[in-house]
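As written, the chain order gives the labels A, B, C, D, E and F, with residue 1 at the start of each chain.
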């Protein structure tokens, strides 16, 4: 169960309104790697957690924090929309600075949400649940989490770079720092699990059931061998069970497929159709 | 530019048709972590790559291989659909085994695709491009790739477990092995980049611009302290720049937000509305 | 900012696993009118609220409660999935009862979420943010909320009817009661606002700017006049500003549209194309 | 069955082209609460109606009218796109007024629809059927309809405010008036049903089956008691069956959930994993 | 503007309820090539039509007919859902025939729509506007229409084959006949336009501006030359302006792309990163 | 299986960066009729092909070529994004030319993809698999393909018209020429199949099972008879089996539907509800 307090986790006070930037800032609220994604992802991973209690607890700690990050961003966006020049006036329509600002706004910030934040990304695409994963395998999911925090911090940094508003920068400096911690956190949790389980997800599958002759081969499907220069093409494999091999000219190991004709009630194209060439 | 040969990378030959399993197998073709996702993800990462040539080359190698994995799965699904009992017959409707099979099929496999594979997942949800990421930051993206291969192998293993068809298991044993390699590959590429760049994405952002006092703090937002037992709550941080701190009772650092009334042309609810209690 | 405690708001303990019902129960977690929808809707309405403080506070109270409802449903679904018969065995494939259960399951509950709840509806369609609204006009939004609680309670009741599991029924009896309260709550809040503002949203728009001659007319576009029997076709209008009028044979008041030919660079079909009839 | 006449229900004649406004006007054609939504919603409610004939008739009356509203908006949008400056010319690229107009256009209005309206919203997001509901319970659905007409009129009013085009304003004045009628209509239909059925949807569920002790309690999950000031926190409940109660410190009534370990073939993380802290 | 009459265009009377078939029949109501798609596609093509009046008139004729087809299908689906066995009873749960029927139903037909049709396809995926096109070029669009009627008739035929219900078959025999007419209609309209305009869309683009040396070349990117046997690989081109050419070994005509490093504020991976191989 | 070479099929070298045009060019990469659509559509049609070998081979030839077209467009978009003015600077914010360019950009090109192409359309909507079809009936599918190449060439031509960049125009001149060939190709393949199979898809359905009296009738549902002037309203039908008939006043052939009341556990609105008019 959850409780709310009125204070934000950190200040969300822009220097001044900026509706064009409000549109852009939506990305880290309702985008693919925005705060809504990590909120829902961590909460569901926690609620579904069948592992040790400390993992469930930790996941719900951070999931609960992410709700507060959504709150900060929604507040900031609403404040950036204060006084948005949505009402066209004769003069404004002739002022290219105002006109450009109006063109750069998300029109739904005026028409739909009435100067409020939306659970959408910077292109107005609504958040959806396929942005998240909770697989029941914590090592897999912590890798998803590390990725989410990496993409999220990268986007927050880009948004930091393209504004001069000190209030916005201050809030982003907090979110960026939390993303630093969260990258650290998932690396720590991954290290714990890898130390115990090994490196390949899932580790409980019997490796004899996989076609092991291709388990450590890099296949060069693109002409030229620049790809041979990487760590992935030589030396011991990362899982400690083999050696990387570089296959310069990979060959097919499978059949040429032939398909059975469909039954008549499917009304497909019959396979034996002989059509004489047109004159 | 690309070329095709008729042979599959590996055999896709089921022992016998099984339309219910065909529906399930769609997950790793057109699902969130299916082969279409890694195909599009690696190709776009390669095409957009502004980094060293070996990365572009490597990304296009593996992206090209994934097209072949889509081909194998599409072939397998079409073969599993051979002779699907879609045509209701009086007798069949009374045979619960057949009836259950009909109920468990994806009806679009008959009505829409005419016994062919679809670019959808196991619930019939169409593949979409928000399943992928290409951020221009390779460390971030390789973490996305490691996650995709972890989730993908986990799903392939689950599908391996729930079939008895030796042909299907044989094909999956190949795909699972390739996922083993690809997890190894991304771990290797990540290790290379982390060794050079450091561990936090993006590493080029000046850490002094982030609120460093919260860059290594685990905040316990969920009552109870089981989460203190993890590696993430103590010891040196994974990025080597600090020490993990456990904050048992995190407190708000921000303001209570107050919002400006909207301008009249927005027709929001005025803030000073005084409404007497109803009698 | 938010805090979490480990106890659920109310018990989520099924008598026994039932993976087919777990699929159905997803509807009120991640469906159009599920708990995720009201959670996100109330939180955004609260965060964006530019009205009186009591509305913001009330919205965040109920939004916070809805997170707990998501938690209860996710827990229940995970428990209903315990021991799902996803692993096909020779015997099972011949037992129609088990086979039907397997056919009726959501395959992603096994393959993707590993026996965990998903943020999706009962057909596996992912939750998306267009299910919600926060318009900045509280009377409009409270009507959205009353609708959401009405549809939500209706769906919960239908789910109550189709199970015999006492544990599930017990949890639903709690959620249904809360929906009763929440319908009451929104009716009360609506009554307050209507008493002050009037009945038409938005009330701040000058009625002289609307084409008032059609503001109270019911237009009978479907042959036959059964629709004349309703309250909407006679008597004083609900907004107190007019009288309902029934127009039995509504006529067009507008022009026959004629369209300008497109400019050449659009490459549309030219309007003056004269094509002689084919022989 | 349906018939069409060439005249529009009301004039759709802008003073002059305005491609930037055309983009915005899409919101009330193909947006969440646009005319397509009410068209499909009312038609499906009518077609599915198992209630009294007057309801079916009334729903199809209004559903048929909404097709005509889509026609008016599509016509208006196409006319606003006449002569859109999509063809970049050297001079234009240096004229900031033209440039801003080009930036503010929906590029698909040129590239995809060739200066025609699209069934999308103002951010180019395509209309989808999850915007609608037809539940089989008319009281629930009429509340959905009242909400749709409230949000729709609010958006139309906002669009009225941000244009100076008299032709556009004239058409909107008609649509806004019809929205006034339709809010009136749904309020009237709701009043009829509530008078007969009672206020809680669905009214046919035995109230003894719900956990009645929480059916009239407002729970204060957000610290501070501003929310106690509302009508929803005191006095008789709106459904006439109880009294509102304000619970200042709501407590959990449920268990701390514990989850069963997954079966081995799911390859989740085992619950008894003991991982020693990293050195 | 539109009018409605109560009679259906053709009978929609099933012999008996069949909720599993109701789920499947949704495909041609709310699926990619269902009646909703052609309804919206033809109406928007008509409303946007800047060509000769007869095209606008014809498009609105057929668009209006398609609304009636949606009405017939919605009616049929609702009738097929009469008495759906959604209420689990102890006995039913042990009867595999009933159990399979319950498993094969769309659960939203019970929980969400209360035994009514939904604007969704047979997998429960909601209809969306990207299923349609109205490009402003009638030859292009009539080809889209011919495709829609071809796919639509194919799906209707498949649905005809998999039912024994005479009432359903009777209604489908009508819809299939109309699809026959509509394929004829679009072929006729296409023939008219091609006779005048020529065969390549758009015909108004100056062919000298295209790279004409590849305008009639079939390129064999897949090893093996079976594709040389088709009409497309030899003889005069269909547009009458050239001769088909078969290029057995197509070669690249373009550069090897090299990408500029990103500016620092993008925080991508620098291109000159030199990472020594790991030990 | 597939191979890649580093050379592009044709040059993708813009004269200079143009981030606003990059946004627009996304339409033919990731839009409804972009290169991703034909790539996936042709590959799946080929992989699922149960017809003659030459069709499978031809489909995979062209599907493989389309991957190369995606590569060219992705490269071009990334190059157009070089040096995008995403970093706001005090001076830039006052320069309306730069400001308009910033407003016209897709913000995700900076924030999400780091100056790389995205698998999205020009409004940022992600590509999804419902853009494609592979039905198992080749005549149906080749009509889909002809439509896709017609819409695709139309969009490429419009994009050609709205740029002055010679490098972009050069690349588009190549893609437009290939679209010319591909329209030719599908016309040729369609002609072959129609010559053999006949003109109505599917041709294998017994025409006696359709309601043949309406198989050649044009129904005039829109008042006025301009639609009588077309080829579709007179003369022999295109399928050679009848004569077009023009029905000026089409009448309903079906019943007035009456619906059964829902069972109690559905909690719909009872049909016999008698509600007295409100006072």
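In the analysis below, a contact is a pair of C-beta atoms (placed from the backbone, for glycine too) under 8 Å apart; a residue touches a chain by one contact, two chains touch by 3 or more.
Quick caveat, the model's predicted, so the values are computed rather than measured.
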Using the contact definition given at the top, which chains are in touch with both chain C and chain D? A, B, E, F
Option reproducing the contacts of A-D, where over half of them reappear, out of D-F, C-D or C-F: D-F
Note: of the two pairs B-D and D-F, more contacts are counted for D-F
Remotest chain, chain E as reference, centres from CA atoms: A
Expressed in whole Å, how far the mean CA point of chain A lies from that of chain E is 31
Hey, how far is the Cα centre of chain D from the one of chain E, in Å? 26
Multi-chain touching residues of chain A, meaning two or more other chains, are 1-9, 32, 47-48, 50, 55, 57, 60-61, 64-65, 68, 75, 78, 86-87, 96, 99-100, 103-104, 110, 112, 114-115, 120, 123-126, 128, 130, 133, 135-137, 139, 154, 157-158, 161-162, 188, 191-192, 202, 205, 221-222, 224, 231, 252, 254, 257, 259-260, 262, 265-268, 278
Spell out the residues on chain F that touch chain A in their complex, using ranges where they run on. 1-6, 47-52, 55, 86-90, 94, 96, 99-100, 102-104, 106-108, 110-112, 114, 120, 123-126, 135-139, 188, 191-193, 195-197, 202, 204-205
Chain A - residues contacting chain F, complex: 20, 23-24, 27, 31-32, 96-97, 99-101, 103-104, 121-125, 154-155, 158-159, 161-164, 221-224, 252, 254, 257, 259-262, 264, 266-275, 278
What residues of chain C sit close enough to touch chain D in their complex? 5-13, 32-33, 53-58, 60-62, 64-65, 68, 72, 75, 78-79, 82-83, 86-87, 110, 114-115, 125, 128, 130-131, 133, 135, 137, 139-140, 143-144, 146-147, 150-151, 153-154, 157, 160, 169, 173-174, 176-178, 180-181, 183-185, 187-189, 191-192, 199-202, 205, 207, 209-222, 224-232, 237-239, 244, 250, 252-257, 259-260, 262-263, 265-268
Chain E - residues contacting chain A, complex: 154, 157-158, 161-162, 231, 234-235, 265-267, 277-278
Which residues of chain E touch chain D once you look at their complex with the stated criterion? 1-9, 30, 36, 40, 43-44, 47-48, 50, 57, 60-61, 63-65, 67-68, 70-71, 74-75, 78, 112-120, 126-130, 132-137
